[in-house]
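The following pair of complexes shares a single chain, chain A, combined with chain B in the former and chain C in the latter.
Up next is the complex of A and B:
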């Protein structure tokens, strides 16, 4: 990988090798600003008969170069670097989630402490965590060994003990892994990488236990003291080993690694990276969601703390049955505003599961799919809230004033009132026939409070930009703001509850193109047009018991940005009460106008 | 002339005599007091014609077979009814009521003609409110126990101190240090020490599951024995009987400050990562808690000693306050009978709290407004409902 001078970069090529599709985007500097100009895609070629990921990459890049009129591949089938005139690119980067992505197992001493930190490190690096082994996971040692043996992870992250803390528990974890000898997915020649990020005193003892058949890497403790997490070294080690071991054994990746100017990152890790960068650069709190067919990823950055969760059984095709089982059909149908036959719906669920690529052909099918999506997103967000917590096992300082309000540690750090930007990606959100439907899906599932900007990832570009942020942060932020996100608009939602029809808040909106004022009653929703690039000043006077961030009943004034949907005023209260039916909300936002679906 | 003088003298004498002996009450009736325990008779009579000038009425009683009368009470003028208390349900009584003039002369008595015997009824009406309260309190307990047994989820407020036990033991495990449990300095006859054993069982079970070291110094030998049995049972139920070490549960001294000195020294030397102080504590509370704080331990305290609570709250991470401490057993076990009792008792406490608020509010209103109606309601509340 060559050194890059950011000032001389004019053309950037990025690819994302997904399980089914490889997507390429071309970013060019136009009038001094980086813009995403062209994109192409082709089927991924990791599996037989091709068994070479670079073939798919070249196909996707070929489509891009044809659209761009810029030669990117030379006669030998290599990406031309650096750019000169009308050919080549200055930076080539790639992410990968092909072959199921990075599958890891993590281990720690206490499930809620070092094991949880290890899980956070693995998820943050873009891995799928298959299981967490801990001293207090209520499994007998032979059960734990059996589980490790069955899992066949790509990598294991072992943590445990603060520096100078327990060594016996940590060594005991190593003694579970060593005899289990988990068989890797990539054949017998693969040496299973194990990252040890635990008590430094125990490292030599762990090295004595984990010897043959493993590749042990020791990094700094991810929990040097219980009061602080140090996930960076473990995450970096995961990325390095992902390249050296996992990618190196995947078909064609050895070539792809040589082509790229930055290490290939797991796709979710890259998405997390760009959201973390944006949150840091703008000083905001961000939640991102990527709902797929089998899984739903939720990313959040609150007060600079990044968290990612993968809800493995919540998705819109392979996992749709599980969503229905977990949420319950009644909870799904509460989002439906037209009569539906339960038996037909069950058939529809199973059909979607066995034919995952089908898309809704009727209004009824669309409404039902979006109802399922609401529940999948809601459940995924609940799981995320439970995971994204303050550190446990930390000593607390109190005063006598805390007598009756002793907050315990491990409280969620996800605060919907403090949320500034909510970003959606994934088929059901990105490809909804109407942007209003996407906005409403987000509002119903995530229940943002106060003022929140809604956006969606236009062409699932976030992975590309995540890895680009590693080599050229300026380019990634510029493209993210201008081309990646489609701003849907803003939502102003009241937190609190009241009886339907009761006064909720009064509002006044002043902007260049919009002047409005009025009163909202509990259960009301209103949409005002506020186009892309337009801003307005919204003044809200909530009634007693309702909050927009300044406290119950306190007035708030805020500038909001418009988007393709506009400004949504939401007086339904939080937590959302859906029992009264959704017809009124569907009508207020004209979510499903006649003839909108074939 | 002599006849006129004699006649005048007679008139003056007659007038003086009439002023000294007031007209007596009439129509005295005595009936058994209804719905009582056979100790009362209800008397009623018609007022004396001189009621306005009277000092009052004297009520006397005597046994039917004994001529000796006993003065029971002197009542203010205008009183025409009286409940005679403290009678024997086995005996028959006769009553007399006389009017007393300002100069203490008494009228002719109004007497009962036939003896009256107080009789015992099946239910004492004066205890009606007591019964209502009893039914409400115990009824709530019974109802909640039945609800819990049917599998209904009874919501109990989260008690942070008990939730934190796993966190504290987890911290000790991660840090490779021990857990210290002090079950107070009182003996096993103290209810707080007994409650402490319930929490010790939970702590010990968690320590067994996490494979953490648990040390329990005691200041009473009997507490040591009880603690050993508790911890052994907890280790057994956690499936780790092999990890149980009785030597870690030991007697130090009965002396309050001797015990504290030992505990402090031990904390400085071994630096336990989790300290639990649950039981009855006195002056040593702050000494122990401050020491634990200085060595960086997560501390969970619990006591029903109000004077010690502020010290624990200020110096510890989590504190179980009074009732929370006693509720620990039900909270931790989740057993239906205990949970039902806990919820039922909460209802009782709620009723008491509402009663206190109503009483204080009523008294204040009566004093401020001078309203007779409110005062009579308060009187009824304090004298009838609460007695």
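Up next is the complex of A and C:
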């Protein structure tokens, strides 16, 4: 916002209105550096009987002001701006996922090309994609229309055709949507927003078809040529319409929109924003995961390309039963080191599903929930890898040198060997009783290769910082690095496979606080203490067939940073062979209290 | 810090002023007026939804460019179409070799496109009707949408259900609250009834209830394997109500071998023979929806009308149910509410409470793992 002078900003207040909890954080400039200082939370008040989101916001801010000893709300129940003395704040911003977040339907001509680009744009903007309609999605037109009628999206994104390409197919898509007259979630008065981001030549024809009861916005083609995506304009339009239409209909948001200094963003969109900013600023590859009760979001930035996926039914409470159904009980129980009764577990899973707020009291219940989490994360990451690909449908000129290369378009861009930072958030990861458990959950589910830094979002601050990046990037980055992330440590893992017990790699670690060397055999895990702020140089000599990034059998040296867990050496190989190893790994990392391992 | 904590609970009430909103999915006509007495199965509002759409690719069917389609149409936008009507005919060559398309659907011609050559026919409007569900009085009319119905009723919330709205007299099929609901307890004269059991209902009992034509079956618990066998698939998320399985099913406590809470059972047993309205629809997300059993009571019956709050505060002495292992299903009263965090066996720190079980034993339980039993 133009009226904010970044240099004069001293105090920033940010809220995130989740579907159950509204969280407020206070950021203050201390000794010339922005730090997150206090936080408060309160139940979200979007639903009846309150039906006004600002009540929850004010409650969360009230808790923050009490803890901070700084008055943030005036007698009229308004946030005090700007800051003066020990009152008020200079910037107030908010994100929202209340009321189910932003639910969208997308359409494109070819499923693997324009429809996929449209899906990427919608996911990147923070939406839940309810369905993808495409000319070649194997459904007959009347089935597609029926589907559109049944869904109740907040908005629809239509793409299709490169500029100067097909118009007929694009108009046909519009002809499916117009008569289907999808009913929006917010009642009969609501005009359904449709964003058209397809072949520019077809825009007037689409406008002729999509008329009554819709609000059509035309933006630049998101796939102007096959070789390039241009998702920015569509993403911006989604954010604008989210505010104008969806948020404006949610109870109390009309007020909240007026209070904030930057547009309210969908929560996952904001998380993506901060990860993209960090990856760009540090020049690294990042994967972030947020595992919730109903869904799991995975974000990645590889070589500057951002992708987000939402696994709609992989979660730890509402969707826990679905995780068990999709992964299979055998796959879950392979992570468990104590005997459990499958029939009883199935009933327990269902009981967690119907009473989602309960927490594991016994060690057995915790071990089981963490086993489920590993499978939920593994499946969500698999889905992410399948989606985060190079553009499909691109013709590539091949030379003689490519004769033996199997590379083609549509390959995943997710490369675990190139991954630098893996960030965890979500209850089961951030509230695990021991941070070792969090680190191990990440390693088991994501199978990072080579050297990877592990971290967790301390109090789920990433959404706040994502919006802040829009108005005050410096404050956002400073807080992210100092207060948002809790560094768990580093993992050095060998890619490749071998027989258990066979030599895998030799290592030497040198640092101010840690000196160690030794040999790891296939199946081994080892943890060395390397605290927060401590660094060490790790030299690895892999055996033939094992790789740490320089190629099979080639030596690698790297500096690693410590954390609350330390340095983990992983010689289990990739892909991970789980059977028979779990007890040893639990013991090596002292994951659970003594006595829980036979 | 006060020793009060907000905790959700399931409502079990012998008499309460119950209100239900009966709203159409789209605008339509309301058939009742404020103050009218209504019966459970009576329609209170109805509407017509736009009919299904059939797209016809006329350009392909008649082998012509899309731009020629409008000129070949014999019917115009807005015209009524019947099965067998000729929709379009090509001019042919000197009037010969004409081809035409005969409609296989009826409805109204909605659009003709010269860009895609597609013709869209909309089918007959589909009627939707909303029934009163609760026998009582119309308290309020929501113009063009529906109404609010009110009645004094006994009200029991279940924890999980399958299937939608159903009606029938209450029939008890268990000796007490801990009596499993087995096949042999279901008799042919339970056709059309809402069967009430005690503890776990078995798959054979559910099948038998379906076979005799019962409206609904209610009990304390069910085994995951039984519900899977009954539905034919595994439930992924708890969003139910639209299953078409010929029977509404409600459990009041949870999954596994678990008895119905004594108070719930006693209340339902005392209502034997009365007409009940039940709904298995469950939605466990933000805006939670639980299954319910509503038994309207006569206006003149004596008795207190309880409040309608659906959540309350944990206080010393409040009756609670433990809703997670290792003491799942046990009932007791709040003994103490220590303010400080407690380290659980799992290693997590959590706020806890002491529960004095009915057996006299005291146990420490995380506050998240109990629910209030609503009075």
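Just so it is clear, the second predicted complex is superposed on the first by the 588 of 598 C-alpha atoms of A that agree within 3 Å, B and C clash if a C-alpha of one lies under 4 Å from a C-alpha of the other, contacts with A are read in each partner's own complex, and residues count from 1 in each chain.
Everything below uses one rule, namely that a residue touches a chain if its C-beta (ideal position, glycine included) is under 8 Å from a C-beta of that chain, and two chains touch if they have at least 3 such contacts.
No experiment lies behind these values; they were computed from the predicted model shown.
Trainee: Would you mind checking whether chain B and chain C clash or fit side by side on chain A after the superposition?
Mentor: Chain B and chain C fit side by side in the superposed model.
Trainee: Go through the superposed model and pick first if A:167 touches only chain B, second if only chain C, both, or neither.
Mentor: Both partners, chain B and chain C.
Trainee: Quick check on the superposed pair: does A:485 touch chain B, chain C, both, or neither? Answer first, second, both or neither.
Mentor: Neither chain B nor chain C is touched by A:485.
Trainee: With the two complexes superposed on chain A, say which partner A:226 touches: chain B (first), chain C (second), both, or neither.
Mentor: first
Trainee: Is A:114 touching the first partner chain B, the second partner chain C, both, or neither of them?
Mentor: First partner only, chain B.
Trainee: Angle at the Cα centre of chain A spanned by the Cα centres of chain C and chain B: state it in steps of 10 degrees.
Mentor: 100
Trainee: With both complexes superposed on chain A, which partner does A:348 reach: first (chain B), second (chain C), both or neither?
Mentor: Only chain C; A:348 stays clear of chain B.
Trainee: Could you let me know whether more residues of chain A are touched by chain B or by chain C?
Mentor: After superposing on chain A, more of chain A is contacted by C.
Trainee: Have a look at where A:135 lands relative to chain B and chain C in the superposition and call it first, second, both or neither.
Mentor: Touch partner of A:135: chain B, not chain C.
Trainee: Does chain B (first) or chain C (second) touch A:275, or do both, or does neither?
Mentor: neither
Trainee: Please provide the least distance in Å between a C-alpha atom of chain B and a C-alpha atom of chain C in the combined superposition.
Mentor: Taking the overlay as described at the top, chain B lies 5 Å from chain C at its nearest C-alpha.
Trainee: Pick out the shared contact residues on chain A: the ones touching chain B in one complex and chain C in the other.
Mentor: Residues 167-168 of chain A touch both chain B and chain C.
Trainee: Taking the touch rule as given, give the residues of chain A at its contact with chain C in the complex, in rising order.
Mentor: 19-20, 43-44, 46-47, 98-100, 141-142, 145-146, 167-168, 171-172, 175-176, 178-181, 183, 188, 205, 209, 294, 313, 318-319, 321-322, 324-326, 343-344, 346-363, 365-366, 431, 433-434, 592-593
Trainee: Report the residues of chain C in contact with chain A in the complex, numbered from low to high.
Mentor: 6, 8, 25-27, 50, 52-55, 66, 110-111, 113, 115-116, 118, 120, 122, 159-160, 223-225, 227, 234-238, 254-256, 282, 284-287, 323-326, 328, 344-350, 365-366, 368-369, 371
Trainee: In their shared complex, at which residues does chain A touch chain B?
Mentor: 109-110, 112-114, 135-136, 138, 160-162, 164-169, 199, 223, 226, 392-393, 395-396, 398-400, 402-404, 406-410
Trainee: For chain B, which residues are in contact with chain A within the complex?
Mentor: Listed in rising order, the residues are 158, 160-161, 163-164, 166-167, 170-171, 173-177, 209-211, 296-298, 309-310, 313-314, 316-319, 321.
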